[in-house]
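Labels run A, B, C and D following the written order; every chain starts at residue 1.
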Amino acid sequence: MTVILHTLGALPDSAAFNDCMRLCRQSDALLLLGDGVYAACPNTQALYQLSALGIELYALTEDLAAAGIHCEGTTVQPVDMDGFVELTERYSRQMAWY
Amino acid sequence: MPGLVECDKEGFICDLRQWTPEVAVELATAEGIALTEQHWEIIHLLRQYYAQYDSAPAMRALVKYCGRELGADKGRSIYLMRLFPGSPAKIGSKIAGLPKPENCL
Amino acid sequence: MTPQSVLFVLRHSPYGSDMAKSAIDAALAFAAFEQPLNLLFLGDGVLQLMPGQDGKVIGRKTIYKQLLSLPMYDVERIYVDRLAAQRHRIDLAAFPASVERVSEGEAHALMCDHRHVLGF
Amino acid sequence: MKYSILVMASPTAGQGSATAVSFARSLLARGHTLHNVFFQGDAVGNGLANAIFPQDERNLVGEWAALAEQHKIELILCISSALRRGVLDKVEAHRYERAASTLHPAFTIGGLGQLVDASANSDRLITFGH
């Protein structure tokens, strides 16, 4: 059952990040935004941890660009604001980690 | 009429430490309420609630608390409504010298 | 749990920000309006449940005391992150509501059982 | 679908409130409705009438106001958060004997009951933190 969209707006290794990692399940999706996008940095421990969850991973395009992160070729798919809304259509509840 | 303590224009006392039973009588009078034993029971209960929970009760909580502390016949909104007409939790709290509510619950 | 109910996920320490205060204000408002709700204390949020707090000395309201009033709003049960409660050594024996310690999997299931999840 | 939004982020710290206003515009463009937007904690700064933003940065107060006007959206600031941060409408300014209202007219000050209402009447309740 696809039920929870996690939105993560905090840096890797923050309490929010670690709690989010513990609570995500395969049925969920995770969207990185704000400071959360640093977890999409290629070749980092954070991205490795994220990828190991085996869930759909997204990151907000504008926050990636602001931070200077290029996640092409990783497990993280960039989404624009429309894509964010579309995720909230598909997932019936959101949990905001920040 | 100069009162015992300074109040704001809604009738809440400005310095909570100045509350005394005499002040309560004055605050009640301003609300058009003559305090009886039954009123005092609720006033003391409100102060006890505030000391215990660091918050003033909404109506729902006050009714339950009265029921627990004073017995089922007093844990009813109609009973509190008769003592403090209108909005018992709010008016009772004002007379009991609890902080002015921040919100409009 | 009714389909209308809301889960509050409390994740912050009591005085490090105003998140704990915002969360309990909101939870009591939902309860005052008789909306079904549950509270899940997760991660550092379990620190709100540490007994013996005194917010007065720093000019703040005491979060623990405010949480004690939950049963007055008919919130008779709270859910607590088992691992975090262990790590922070929180003594939950005196809490007046029934305390259900949950694993990550159970916490996730709890989120799925509610209509809305509010993370504070 | 019917959405409501809870904003917890200050307009000047982090990206939360900027993302929230863009998200709101997007969901409306996709044909959804927005029941209301509730601002709690530092997010009440989004409703400050006198906030001045540099010309080359986003004016979030203005963006919220434009959204509210165009789509008739209620923007509600939590009263207890607003009072302690000096965001007052005329009624509260009078009530607390302060010189002036500081609230942008596109916003209103309200109680948490309106968040309860948002929750009860929306298919989606989306939170934006700091």
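By our rule, contacts are C-beta pairs under 8 Å (C-beta built on N, C-alpha and C of every residue); 3 or more make two chains touch, one makes a residue touch a chain.
Predicted model, so just to flag it, every value in this text is computed and none were measured.
> Counting only C-beta pairs in contact, which chains form the busiest pair?
A-D
> How many Å are there between the centre of chain A and the centre of chain B, using C-alpha atoms for each centre?
Each chain reduced to its C-alpha mean, chain A and chain B end up 49 Å apart.
> Indicate the whole-number Å distance between the mean C-alpha point of chain A and the mean C-alpha point of chain C.
Between these chains, centre-to-centre, one finds 25 Å.
> Counting only residues that touch at least 2 other chains, which ones in chain B make the list?
Each of 103, 105 in chain B touches at least two other chains.
> Which chain C residues touch at least two other chains?
25, 29, 115-116, 119
> At least two other chains touched by the same residue of chain A: list those residues.
Touching at least two other chains: 93-94, 96-98.
> Tell me the shape of the graph of touching chains, choosing from line, ring, star, complete and other.
other
> Taking the top-of-page definition of touch, could you list the pairs of chains it picks out?
Listed in label order, the chain pairs in contact are A-C, A-D, B-C, B-D, C-D.
> So in the complex, which bits of chain C are touching chain D?
Answer in residue numbers: 4, 6, 18-19, 22, 25-26, 29-30, 33, 35, 115-116, 118-120.
> Quick check: in the complex, which residue numbers of chain A touch chain C?
Against chain C, the touching part of chain A is residues 1, 3-4, 15-16, 18-19, 22-25, 93-98.
> Can you name the residues of chain A that touch chain D in the complex?
7, 9, 33-35, 60, 62-63, 66, 81-82, 84-86, 88-89, 92-94, 96-98
> Using the touch definition from the top, list the residues of chain D that touch chain C in their complex.
6, 8, 40-42, 78, 80-81, 111-113, 115-116, 119-120, 122, 125, 127, 129
> Where on chain C does chain A make contact in their complex?
Touching chain A: residues 9, 11, 42-44, 83, 104-105, 107-108, 111-112, 114-117, 119 of chain C.
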